[in-house]
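What follows is a pair of complexes built around subunit A, which joins subunit B in one and subunit C in the other.
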Partner chain A sequence: MSTLSENPFVGRRPGRRWASHGAKALCVLATAMALAGLLVVLGYIGVKGMAYLTPAFFTHLPLQTPEGMRNCIIGTAILVGLAGLVGVPVGMLCGIFLAEYAPRRPLAQMVQLTMDVLAGTPTIILGIIAWQLVVVPQQHQSGWSAALALAFIMVPIVARATEEMLRLVPQPHREASLGLGASKAQTLFRVILPAAQAGIATGIMLAVARVAGETAPLLFTALGNDQAVYDPNGPYPSLTLKIWQYSQSAEPDWRHQAWVAVLVLVTLVLLFSAAVRFAVRGRQPRRS
Partner chain B sequence: MMGGPEAMNSTAPVQSAGHFGTGNRQNIRRRMLDTATAGAAWGAVLLTLGILLTIFVVLVHGSWMGLTQIGWRFFTSQAWNPVPGKDHYGVLAFLYGTGVTTFIALLAGVPLSIGTAVFIVRIAPCWMAGPVSFLVELLAAIPSVAYGLWGCFVMSPWLQNHVEPMIYASLHPIRLIPVGQYPSGQKAYFPSNLVRGGPSGTDFLAGGLILTIMILPIITAITRDVLAQFPAEIEHGAYGLGATWWQTTRLALDYGRVGICGAILLGMGRAIGETMAVIMVIGNTDRISASLFAGGQTMAGVLANEFMEADHPLYLSAMFYVALVLMVSALVTNLAARGLLSRIRGNLTRA
Partner chain C sequence: MAPPQVTDMVGRLHGHSLPAPAAKTIPITAPAKPAAYAIEMENLEVFYGKQRAVHGVNLRVRRNEVTAFIGPSGCGKTTILRCLNRMNDLIPHCQVRGSIKIHGADVYSRRTDVMELRKRTGMVFQKANPFPRSIFENVAYPLRIHGVRGKHVLAAKVEQALRAAGLWEEVKDRLHVSGAALSGGQQQRLCIARALAADPDVLLMDEPCSALDPIATKGIEALINQLCQTITIVIVTHNMHQAVRVAHQTAFFYMGSLIESGPTDKIFNTPDHPQTLAYVTGQFG
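And then the complex of A and B:
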């Protein structure tokens, strides 16, 4: 017969209530520290960036007076666009394959493994790969090579988002469509993708926000450019590269520029990722 | 009776053709679309497999000279001297830098992340859990160069002027365990050796702390999802037996330990591969020192700093060798994480 002393939670455990309160307090403290970290990082970026922000930042070029980074902002946008031209379709098709086509399980697992490995590959290594594949044969840095490196990063993110969202579309939708005589591709384009479009769009936006902030893969590929030159065949201007370059200089003006650039970059990236979440709230199938 | 099914087959689809179209010409288009879509999906998948293969081929091909000429000595030497003729390459210092910064990041980041996840799932009221979750996830959206800039202009000076002097003052006089000798002949003691050299601000500690912030969101998000799966029956049963909140929470942590380990490994993978934020605060010297206040370098960091300067074949090959070692480290960590998380991925919302 069981007695109270055999209870694993109660018997001979003095101070367990205090321990519980203490643990709870520690968890609250941990959360407070995490949020404080966010606040401090964003706060400094906001304050320092705002202090040196001038309209010239958006209208002038580096090394002009007054200094600006117009070309870098445009360059980053074009690089991300070029990367998306390759990364988004390839990623979506991989996601579609995993969710809808994967004919034999071993292959599907291999593809999933590939996606996980790609997603976990340090981005600087993807920069080296793009350097070897494009820069070495061309013998000069180029926007193309940078876009390729960024596309490598986008593929697994977009694929994962697409696969997850397609799996959330109820099976009866497919059966009903096929039952009406639709082919597999028709079912995909007219039933499944429209049902999952909000979620997939979120995934793409998050991938865009992610690669817009990448620096390491651009070091050996884009190289940076102080002119308003947007020919992908040559060295390419990029906001993140400029931040890195200016942060290394002893010139106070350049450091100030770096803060402004970080403010602009973080604002764009956070607005993008936050806006997307709010925009599709309730329009995509719930994840949890 | 005999013609029944035949008639159905030949007439019914035509009458209901409307939306999806089953006419003869449409039929051909349908099939072409089907084939094209399947072909495109297959093509994309093969392309992706090709990318992965290419990564390894490029890395092994690039490092071939290093693999054959340097071989295993790469892992036993910490000297890094790229001067042609007298050049000598060892990855040990960078391996150590990556290891130490990752270790510090996990040491600080794991309790913080798990505490935050427990707060979100088991303490916060409903109206609070969502926003807190969202804010922590925002940490993942901030680009690493932004962390780097903040780290090198705000965190490093703060560490140097306020935090490290305090740690130095408290640890420097403590000489508990003798741990060998410095090259100068002076005896080294733990934990005094951890702060040797005095505050610098650009050191292993700074690298580890910046990584702590960066791995927080990923570990928190997955741990949160794992904890949310803890069955209410067990929770209610535990409370019914008189368990306190913490005793119940420990059951939940134990229940999700596989997933939490997976989360930690994913965070570790992120820390190993992180480049920009670390090189902006770690001091960039190729030394091995037990001191937290000593400058160092990581594998990703040396690639970022020196890859473009590699001006002769063996140097470049050694850089590729470092990249290969980095890739394998990240790969092993990620595969381990995947192995742990795949067991529970079916139920997980994100992983």
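And then the complex of A and C:
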């Protein structure tokens, strides 16, 4: 006759179960705290921004009445786009080089080190480098110099994401392709990159979101511009510069405008992220 | 299992399922035409770093026959197989010495076009490795990379390869489902179809049936029997019965050395080496 205490599955070390519950509770708590903080920030931006949001914000220029920041929205979008035009391909090529072509070679280690240093450099210093490289010789601030500074920021993010995603592609896929007589380039473009594309796209999205919010490197490169001129050869309008400028102002109207600009910037970045996620959904191969 | 049973089975199955080696079109006594052997290994040695995995193997694989590589786990069968199409190039610290010729051409010559070599020396890996894309695209991949164009040509060749691998009936209605959604055995046959689509002269199969049920295994073995009319096959197997059923020749490896090779019935019935006899009768392995 068996009694409960004879059941071999009754735990003899309840402490183990409590430790497991405790670890789970800690994780849940930490997540909840992070989420709460994020919601407070987003909620605050939302409340502050919505209070002063008007359609004129999207149609007018600064210093017009009513005031708007049309040129700054467009300027930030173009700056990020120009930076991406350089930063994304260069970053991807670096990542491909690191993951596929030169693992464990001295050159690869140098590239890796450069990427790590670049990723750890305060962005204002990258701005100074772009200023030294472009603004000083040209003797005027420009969109080009700002795009260069932002590209410096994007390269290591994209390179790291690309490298890590490529490393996740299983070696048997490479062997299958090469074993059929495919060249290294064919294997890369037809097998490895398609398998990694969703992850790489996410990395690019992160890089774009990151530079869209950068202000410091733009201070002495883009400079800012209140006109609807988008010639990268001259001073360039930017949403973040305007936020920085207006948030310090004594004029309440301008401080309100800054809150609207923050809301618009956050919303645009969120929309962009959602669009990328939507575009790459289901690209990750199905498993069953 | 007692040795006499194996002997019986060898005699019976070998006689029924295969043409006797003597019935081959290339007589053994013919002057050594380069065509008699598809693969010739001389003094093959393979190192992983400092560790020697293969010790001076001399082996010739006859053309349009099936040769089985047998031997206990870790004896170097996969390593040797991967030398033949230079897949070992991918392992950074792997070093190959000696010479390998396939159809008379030096595999490790500096002038060898490795891509052409691999196209003509197909490989089925120990673990099925379909690409994470549709069944159709898996089989069409070697065709596409080797320049086959045109929807109808591709479709016809894909169907031909899938039929050859005995998978067509199971997948013809879902060619656009991911290859990863197939069962393990189906995935292996998909990989065989993919290898066949490249139209190789030599097919290297590394335990192709280890994930297959007896019926699928029988299908693959029938396929091997049929394919060796036109191509040379090397198959690694841990299944003695399978070696007996499909292979004309068998090579027995132990600890990186070739112990003995010869016609399958000789290796299984009257081997020269006591070690071979011990292995094929299941006394170690």
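Quick note on the criterion: the second predicted complex is superposed on the first by the 230 of 288 C-alpha atoms of A that agree within 3 Å, B and C clash if a C-alpha of one lies under 4 Å from a C-alpha of the other, contacts with A are read in each partner's own complex, and residues count from 1 in each chain.
Quick note on the criterion: a contact is a pair of C-beta atoms (placed from the backbone, for glycine too) under 8 Å apart; a residue touches a chain by one contact, two chains touch by 3 or more.
Quantities reported herein were computed from a predicted structural model and do not represent experimental measurements.
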| item | value |
| --- | --- |
| Which superposed partner A:C94 touches (first subunit B, second subunit C, both, neither) | first |
| Which of subunit B and subunit C A:W144 touches, first, second, both or neither | neither |
| First (subunit B), second (subunit C), both or neither touched by A:L180 | both |
| Touching partner for A:A195 - first (subunit B), second (subunit C), both, neither | second |
| First (subunit B), second (subunit C), both or neither touched by A:Y236 | neither |
| Touched partner set for A:P172, first subunit B, second subunit C, both or neither | second |
| Which of subunit B and subunit C A:P122 touches, first, second, both or neither | first |
| Which partner, subunit B or subunit C, touches more subunit A residues | B |
| Which of subunit B and subunit C A:R104 touches, first, second, both or neither | second |
| Shared contact residues on subunit A - subunit B and subunit C | 180-183, 186, 287-288 |
| Touching residues (chain side subunit C, partner subunit A) in the complex | 85, 87, 90, 92, 115-120, 122-123, 125, 127, 129-133, 141-142, 144-146, 178, 180-181, 191, 194-195, 198 |
| Subunit A residues touching subunit B - in the complex, by the definition given at the top | 7-10, 16-17, 19-20, 22-24, 26-31, 33-35, 37-38, 40-42, 44-45, 48, 89-91, 93-94, 96-97, 100-101, 110-111, 113-126, 128-129, 131-133, 152, 155, 159, 164, 180-186, 188-189, 209-210, 212-216, 219-220, 240, 243-244, 247, 255, 258-259, 262, 265-266, 269-270, 273-274, 277, 287-288 |
| Subunit A partner contacts - residues on subunit B that touch it in the complex | 13, 16-17, 19-20, 22, 30-31, 33-34, 36-38, 40-45, 47-49, 51-52, 54-55, 58-59, 62, 111-116, 118-120, 122-124, 132, 134-136, 138-139, 141-150, 152-154, 213, 216, 220, 225, 228, 238, 241-247, 249, 266, 269, 272-276, 280, 300, 303-304, 307-308, 320, 323, 326-327, 330-331, 333-335, 337-338, 349-350 |
| Subunit A to subunit C touching residues, read off their complex | 103-104, 170, 172-183, 186, 190-191, 194-195, 285-288 |
